[in-house]
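Provided herewith is a single structure, encoded as structure tokens, for subsequent inquiry.
Here the chain labels run A, B, C and D in written order, and each chain numbers its own residues starting at 1.
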Amino acid sequence: MNKVVQTAYEAVADIASGSTVMLGGFGLCGIPENLIAALVERRVTGLHTISNNMGVDGFGMGLMLEAGMIASHVGSYVGENRRLEALVLRKELDLTLIPQGTLAERIRAGGAGIPAFYVPTGLGTVVAEGKETRKIGDRTYVLEHSLNADVALIKAWKGDRLGNLVYRKTARNFNPAMATAAKLTVAEIEELVEPGELNPDHVVTPGIYVNRVVVGAAYRKPIESKFIQSGGAA
Amino acid sequence: MTGKERIARRIAREFRDGFYVNLGIGLPTMIAEYVPAGIDVMFQSENGMLGVGGPPTDDCADPDLINAGKQPVTELPGCSFFASEESFAMIRGGHMDMSILGAMQVDENGNLANWTIPGKMVKGMGGAMDLVAGARRVIVAMEHQTKDGTSRILKECTLPLTGQRVVHDIVTELCWIRVSAEGLVLTEVADGLDAAEVQARTEARLLVSPDLRVMTVNASA
Amino acid sequence: MNKVVQTAYEAVADIASGSTVMLGGFGLCGIPENLIAALVERRVTGLHTISNNMGVDGFGMGLMLEAGMIASHVGSYVGENRRLEALVLRKELDLTLIPQGTLAERIRAGGAGIPAFYVPTGLGTVVAEGKETRKIGDRTYVLEHSLNADVALIKAWKGDRLGNLVYRKTARNFNPAMATAAKLTVAEIEELVEPGELNPDHVVTPGIYVNRVVVGAAYRKPIESKFIQSGGAA
Amino acid sequence: MTGKERIARRIAREFRDGFYVNLGIGLPTMIAEYVPAGIDVMFQSENGMLGVGGPPTDDCADPDLINAGKQPVTELPGCSFFASEESFAMIRGGHMDMSILGAMQVDENGNLANWTIPGKMVKGMGGAMDLVAGARRVIVAMEHQTKDGTSRILKECTLPLTGQRVVHDIVTELCWIRVSAEGLVLTEVADGLDAAEVQARTEARLLVSPDLRVMTVNASA
């Protein structure tokens, strides 16, 4: 069993235009830089993306946006991305904003075989519009459905050829849930280790969820709050 | 002492030893600096960390270690990291003692609006809707009026809501207001002000607590 | 912040008769031996227990059963416990059997603020009787509700005074989910370490979920399959 | 070669490199011994482990390391441990290529009964209902008849179900039966038997595949 592919380009070579793609990361933290670059290089178009944020102007998913690859996006926060704001206000991109916790849980549910669940979040707000509500006990809840994707592009710290993954600090974020919720999961890692080197008690994403592993290179990892202050030059 | 600092210092006095608290972006983040001595408070950041420490020195910033405001932070001993769905299970499940966040508008029913201005601002609610729906106590920390002097404490919010009937307390540089079933109750006013003066700067109707006190602020951290 | 209490007896001293109590463990693996012993010593009665199994005759929760402390039980598998089988067949104990995955997810939901969710499990079987079913997409699902408890008695491997916990191998099982779903969570650990000694990337149960920590002693940890073969003498 | 061993060896031939498989307690557990050479299969145990190895030598048994049958096991390189709710997220979410489990009864609709005999046996379903609802392919591995010669493959199950329309294949020491929309299709019979003989020992009606073959079993592991 060897899931390692040699290049990021190879890892995303069969992603079709029009696919639904989940991308891990919170802001610019824990994003699959190399896979995004390869996808931009391939210029697939009409993608339906699911990701908490959408990078910033000039980095991360911002690069996909600038390359005109994204038709629609589901996320919780897209501040700090002026190009996106402009596209949405001009109605050139279909943006769905949902609460961050509901987004995370919907993705987890997609991987866990749970088609729908109730949450208190968003009751009485625009995110509950058109959704079923239901009183359970003494509180009213909103029905939310699972999210799945054709492809998940995720970023981990270390991994082995079986696809076992561990994450580093807050770069974990949405990556483990997304790994479970797509037909094809491609994991970009910083360091490849031998099976057995990761303590099995510490594995966060078991290999069963991962189809391909690629070792990334030349990480930039800008810190978003500084990147924006310095106008993208960080 | 600025108004923002006064708000941060006053709210920090609410902390009890062993509290788990989520601080929103902006003003609420300042509160971490004023935790009273002898009190252990664990701060959560909804991107997946419990036990958030202060900012690092510039050359020690780790891009894999940020808070929900995307600012670099540090680790405190006993901190832990977890995934987003686990972070929000923690928040939604009622495990946070307190969630403190900013607002654009709050109203007499405890409704909160802090995430969007239709047609103008496309940012997203991030984790705010989850935080107000899940925390045991939701405190709004904000300046009492907008820069042009408009009240942020309204009879009814006009912006799209973040949460319906979710706010427990409103703290501004002028006062502490408790949200009750009867309406907004003024419980503390800043030194030198009285209830009438606060009401004059507030659109919502304020009930005055029979125990109205001066809002005291610890000068030292 | 110091959640450490000195004895198991002290750790369970205020658990009232009639409480709903979750107990971690799978079979005899990863059970809070010391907390169970303390509870048996206290002889609280009328407990409503939630646990995947119910120990065996002569060990684990079997001891609580023999002491007549349990009024009702929710679990997924209670084989290997002849006393329980007899009590249930004589209708002296109210037993609810539910699928193991549904049990785990209901507990997780209880801790995660999700009051109800849909699963495919058990459709068309006795476990779906009286429950709402619903077609979502092309499949029919059963509505299941969250489970909570007054107390969770769990077992971890190492922990610190803030309540951060890690588990060892398959002794993890139901313990992390139960830690999140009770008003009072008491964790029995094998080794107390200083805050910061557990790598924060490896913490499985963050301290927020834990109210009390007690260091256990004199672990027996019988292996169930052998314990039963040897008639309880293992 | 016993009947059980023949079943185990035949099913092991279905494994493909990279498969993730859950083996039920009893007969299915035996299948792990017969994985064809050159094929990597990762076995899952629903109590929270992927990459389950064989039994330890007696003095190396670790009480913290058991399978779902509560037997001590060992770790293979690249194994991982996880909590129960994560294990069943994996199972329910359709990530297991195959779930192989025993049965008391199976019927023409692919219904399965393997967990209770009302009024007689109080054990519980454990993870069986989740496994049959969640795995991509559910294979029943069992002896064709009970000890007293009663068929276990029925027109309709009489015992309480574990799952409704969940079984894809039934493998016994006598034959391989595929569950189809049209009913049960006999696709392989053991060497020396014919379809009529298998039907004679089966209550359910068996359709005979036009490609009916002899059930071949690897003699070596």
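Please note the rule applied: a residue touches a chain if its C-beta (ideal position, glycine included) is under 8 Å from a C-beta of that chain, and two chains touch if they have at least 3 such contacts.
Per UniProt, the chains are A, C = 3-oxoacid CoA-transferase subunit A; B, D = 3-oxoacid CoA-transferase subunit B.
It should be emphasised that the depicted structure is a prediction, and the values quoted were computed from it without experimental measurement.
Student: Hey, what chains does subunit B share as contacts with subunit C?
Tutor: A
Student: C-D versus A-D: which has more C-beta pairs touching?
Tutor: By the number of C-beta pairs in contact, the winner is C-D.
Student: Please compute the C-alpha centroid of subunit A, do the same for subunit D, then give the distance between them in whole Å.
Tutor: Roughly 36 Å separates the two chain centres.
Student: From the mean C-alpha coordinate of subunit A to that of subunit B, what's the distance rounded to whole Å?
Tutor: So the centroids are 28 Å from each other.
Student: Counting only Cα atoms for the centres, state how far subunit B is from subunit D in Å.
Tutor: About 55 Å separates the centre of subunit B from that of subunit D.
Student: For subunit C, what residues touch not just one other chain but two or more?
Tutor: 105, 108, 112-114, 119-120, 167-169, 172, 200-201
Student: By the touch rule stated above, which residues of subunit D touch at least two different other chains?
Tutor: Correct list: 75, 81-82, 88-89, 91-92, 133-134.
Student: Among line, ring, star, complete and other, which best matches the way these chains touch?
Tutor: If you draw each chain as a dot and join those that touch, the picture is no line, ring, star or complete graph.
Student: For this entry, which pairs of chains touch?
Tutor: Listed in label order, the chain pairs in contact are A-B, A-C, A-D, B-C, C-D.
Student: Where on subunit D is subunit A touching in the complex?
Tutor: Within the complex, subunit D contacts subunit A at residues 17-18, 20, 40, 42, 44, 50-51, 75, 77-82, 88-96, 133-134.
Student: Which residues of subunit C touch subunit D in the complex?
Tutor: Residue positions touching the partner: 26-30, 52, 75-80, 84-85, 88-89, 95, 97-105, 107-108, 119-127, 157, 167-177, 204, 221-226.
Student: How about subunit C: which of its residues touch subunit B in the complex?
Tutor: 1, 108, 110-114, 160, 162, 164, 180, 194-196, 198, 200-201, 203, 206-209
Student: Hey, which residues of subunit D end up touching subunit C in the complex?
Tutor: Within the complex, subunit D touches subunit C at residues 45-49, 61-72, 75, 81-85, 87-89, 91-92, 111, 119, 121-130, 133-134, 160-165.
Student: Touching residues of subunit C toward subunit A in the complex: what are they?
Tutor: Residues 105, 109, 112-120, 134, 136-137, 139, 141, 145, 166-169, 172, 199-202.
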